[in-house]
Amino acid sequence: MKKRTVAAVGVGTLTLAFAAVGLAGCGSNQDDGVVTIEMVQYKPEAVDVFEELEQKFNETHEDIQLVIDSPNDAMTILKTRFIREDYPDIVAIGGDINYSNFLDAGLFMDISDFDGLEDIKQAYLDMDKELEYVPMDGVYAVPYMANAAGVLYNRDMFEEHGWEIPTTWDEFISLCQEIQSEGVQPLYFGYRDVWTCLAPWNAMAVDLAPSDVCYQVNAGETTFAENYREVAEKQKQLLEYAQDDPFAYSYNDACTAFARGESAMYVIGSYAVPQIQSVNPEINIDSFVFPASNNPDENILNSGNDLQMSVMAACEHKEEAYEVMRFLLEDENVQFYVNDQSAVPCKEGDFELAPMLDSMKPYIEEGRLADYQDHHYPSEMSVDAMIQTYLLDDDENALDTFMERFDTEWVRYNRDVIRKVQEYMEQNPDKE
Amino acid sequence: MKTKMKHGEKVNWPITILLILGCLTVFFPLYMTIVIAFKQPSEMTNDIMGALALPKSWSFSNFAEAMRVTDFWNSLGNSLLLTVVTVVIAILLHGIASYAIGRSMAKSKAYNFIYLYIVSGMFVPFAILMMPLIKQTAQLGIANRFGVIVLYVVFYMPINLMLYTGYLKNIPIALEEAARVDGASTWKTYWSIIFPVMKPMHATVAVLTAMAVWNDVMTPLVIMSGTGKNTLPLAQLNFQTQFGTNYNLAFASYLLALLPILIFYLVCQKQIINGVVNGAVK
Amino acid sequence: MKNGKMKNDRQRTFMLITIPVVVLFFFFNTFPLLRGVYYSFTNFKGYGSYDFVGLRNYIDLFGDARVGNSYLFTVKYAVVCTIIVNVISLLLALGLNSKIKGKSVLRGIYFIPNILGGLVVGYIFSFFFTYILPYVGQALGIEALSSSMLSSESTAWFAIVLVGAWQSIAMNTIIYISGLQTVPEDVYEAGSIDGATGWKKFKNLTFPLIIPFFSINMVLCMKNFLMVFDQIMALTKGGPSQSTESISYLIYQNGINGGQFGFQSANAVVFFVVIVTISVLQLRFTGKKEEQL
């Protein structure tokens, strides 16, 4: 009796399950002249913005149906879809090493005939060019939104104490000393989350090293030891002004500490602001460009493509995909995104920026900016972990060890890319 | 039954007290989880007293919001579906397969090899199977919940096979030989004699399999992506983005997801203990 | 005659059950594994085109200090965790199986660590190691505890051991408890007549009977701990100074998230061979023990 019940329940569940699964398999293919454009964007925090933009687009376009996915862990999902050869029409991702790899795998379409490119700031277009392993003809991405990294500071604390925004390295260090002498913690780091080690690194490297240093190294023209020494030295020096044992604290701990006024400054990107504000909605934040050089003219803003759109090579509706991008690039929609995400638009124009970017505005307007250097580092090389190892290394040769390791590991992890670059140079001896 | 009565009267107090003290290692994290689940993000702090303090108000708004963000009932439904179906198949299929393999192992080299072959499958890192499986399930048209269940049935086969055959070692062959003499077929012998005797192991397998499926993120993430179906752990990824985590909502959601599996465990636990009338086995 | 027919029926039934199961297993486990082995000879990134690189990945693997360190860390972690977890969960199972008050409630409570989820465990234990433990250490004047365990190379691995053990004790306890159900009460009775108590009773009567479960737990522990990943992600992300990068962490981070799929496939293949060897030896060893008894 009992056994029969168990069996019946089992069979019942199975039948139900298969029925449900069977139903799920049905997809519909609209064949009424409406073209569906599917876009996958990788910032789940912007899901609300894109839902609204999607709705607005669909209300105004009868012949195109736009579907925007904002999946969690979008990079994994994109890669799995590429394996299945199940391509969306447009992908909106960051301008980083993943873009380089996807581009290198031939996944993107040349969109040099897209009219919207004319309005994009040249600096951001150049960044995408530099992400190509070997220079390619054509354009493969439309920079949409950028973020900016430097030093976040607590505006109220600065005003209260009369501290000034520094424009050179020496000024920055004396500011740190001054803050410290007044009994306030100047900096706070969350180095237990290794990736945060890259925040000061990137912000300083744009000032102290050429933006195409990785390409130069691949071409055999220079080494990292020649370019990164100063960056590494200065990052270690910053530890003197940080809380005790910064390697014990996480990114989240650091955000909470800064939000609660436990430190005056926090070297991180504008992307941390929402997390900080969630803890303290009242906090008055501004940010300034990291002055790593003693020559103020060399100090530029660390800003990179946070969201850029590429049309997949497999897309069959190029014109409709362009229409979608044109729509997203309309001033009104750009401003809508900027307001919600405190982002920096890549498009030329008079946009209203978030208050925490006030001190960076001149740099943004003049285009005095350069990409995150880590956008060129292969993630498997784990430069972030290497920096953490170096910062923890008390040996007097720590810097030499680190620099040597950077150069050897670079060669090991980039072997195929270096070969590609050198082949290219042999074939095009006169090109830079 | 008789023996139980005789021994059941005296409570072992020293052990009871030790076990209760040991619970503190669970209560402390659980306390923090609950407190954080009720707090607002603005109540999050780094100082110890503040972190351990009770929330300002015991409002269930975090739970309601967490349910909205994860599309709770749909995600729960998918999680339940995957878990229940996998567990049922595991008990039916892995049980009988273990019987066939376990009972033949002692005499047959081939079965011994099959046993080791399947058990060694548990050591294959999922990362190496992932890419090929994504392709394979897509080509077979089962990149959906059905495919995920098939994969689970295969993934948990090694551990369940090991558990069942381990248990069978303690079940004397004499038990089924009696049935054999009566002329019952092997098939029938299994379902009428062995299957019921393995009840505590069914419950154990059910708990372990259910727990593994319930908490799994990777398989549904890579296989079901694009079907628009979420499981609870998948939906919970919503709370974590690269640059920010809403711990309050996340913890509320984790507490909600914890309840069904805890109840399931308590039900199964009874079966593990009361399944065998002691002494009936050996 | 009749007996022979029965035997045939038994063998035929067993075969009819085993063959489809093996086929299913082959198709969704071994077959993709073979594809993975194939990728380990390429520079495949996980998508797009790739080239054959021969044995390059395997040669690199043996010269890679990072991979070498990950093996050292992982083995150290797994051995220590396996011992701690087996001792505690066996004690816990014996305790929870004895005549105690509030059995179900206690069993329920001890089960909770296993289902709390990585994000929760990560946050709470990070808080514990970063803020609470150093505070306690300073208050009591214990030098070793007065700074975070997670930021020092010499202690971070042990913090991960603690959390890993805390989470997995529940599962191994369940297995031991179900094993204890197969110990008939008359064994105890016979024992107590002979005056066997405590440790002696356990060693001579109980333990021999649950050896199959002991060997299952040993193998499962080795498997789970050698493949440690979640605790690393939750607590240290491989730091400090890359001292807690486990093998699975490298395979996943660099193979799936990074572009090193081919190389990490080679790593996974070698890793697979290593654990299978360890586990088969382990099973052989405990199997012999079982036979002796």
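The first chain written gets the first letter, and so on, giving A, B and C; residue counts start at 1 in each chain.
The rule we apply is simple: a contact is a pair of C-beta atoms (placed from the backbone, for glycine too) under 8 Å apart; a residue touches a chain by one contact, two chains touch by 3 or more.
Not measured: the values here are computed from a predicted model.
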item	value
Overall pattern in which the protein chains touch one another (line/ring/star/complete/other)	complete
Chain pair, B-C or A-C, that carries the greater number of C-beta contacts	B-C
Intercentroid distance (Cα basis), subunit C paired with subunit A, Å	36
Distance between chain centroids, defined by C-alpha means - subunit B, subunit C (Å)	15
Junction residues of subunit B, two or more chains touched	46, 131, 240, 245, 247
Residues within subunit C bordering two or more other chains	46, 256
Multi-chain contact sites of subunit A, meaning residues that touch two or more partners	76, 83, 253
Residues of subunit A defined as touching subunit C within the complex	75-76, 79, 82-83, 97, 101-102, 104-107, 191-195, 245, 247-250, 253, 378-380, 382, 385-386, 388-389, 392-393, 412-413, 416
Contact footprint of subunit A on subunit C as seen in their complex	43, 45-49, 51, 60, 126, 129-130, 134, 147-148, 150-151, 153, 236-242, 245, 253-254, 256-260
Interface residues, subunit C side, partner subunit B - complex	6, 9-11, 13-15, 17-18, 21-22, 24-25, 28-33, 35-36, 39, 46, 92, 95-96, 98-104, 106-117, 119-121, 123-125, 127, 131-132, 135, 166, 171, 174-175, 177-179, 181-182, 184-187, 189, 209, 212-213, 215-216, 219-220, 223, 227, 248, 251-252, 255-256, 261, 264-265, 268-269, 271-272, 275-276, 279-280, 283, 290
List of subunit A residues in touch with subunit B within their complex	3, 9-10, 13-14, 17-18, 20-21, 24-25, 43-45, 71-73, 76-77, 80-81, 83-84, 86, 252-253, 255-257, 260, 262, 269, 271-272, 274-275, 278-281
Residue ranges of subunit B touching subunit C (in the complex, touch as defined)	3-4, 7-8, 10-13, 15-16, 18-20, 22-23, 25-27, 29-30, 32-33, 36, 46-48, 51, 93, 96-97, 99-101, 103-104, 111, 114, 116-125, 127-133, 136, 150-151, 153-155, 157, 159, 162-163, 166-167, 169-171, 180, 185-187, 200-201, 203-204, 207-208, 211, 214-215, 233, 236, 239-240, 245, 247, 250-251, 254, 257-258, 261-262, 265-266, 269-270, 272-273, 275-276, 278-279, 281-282
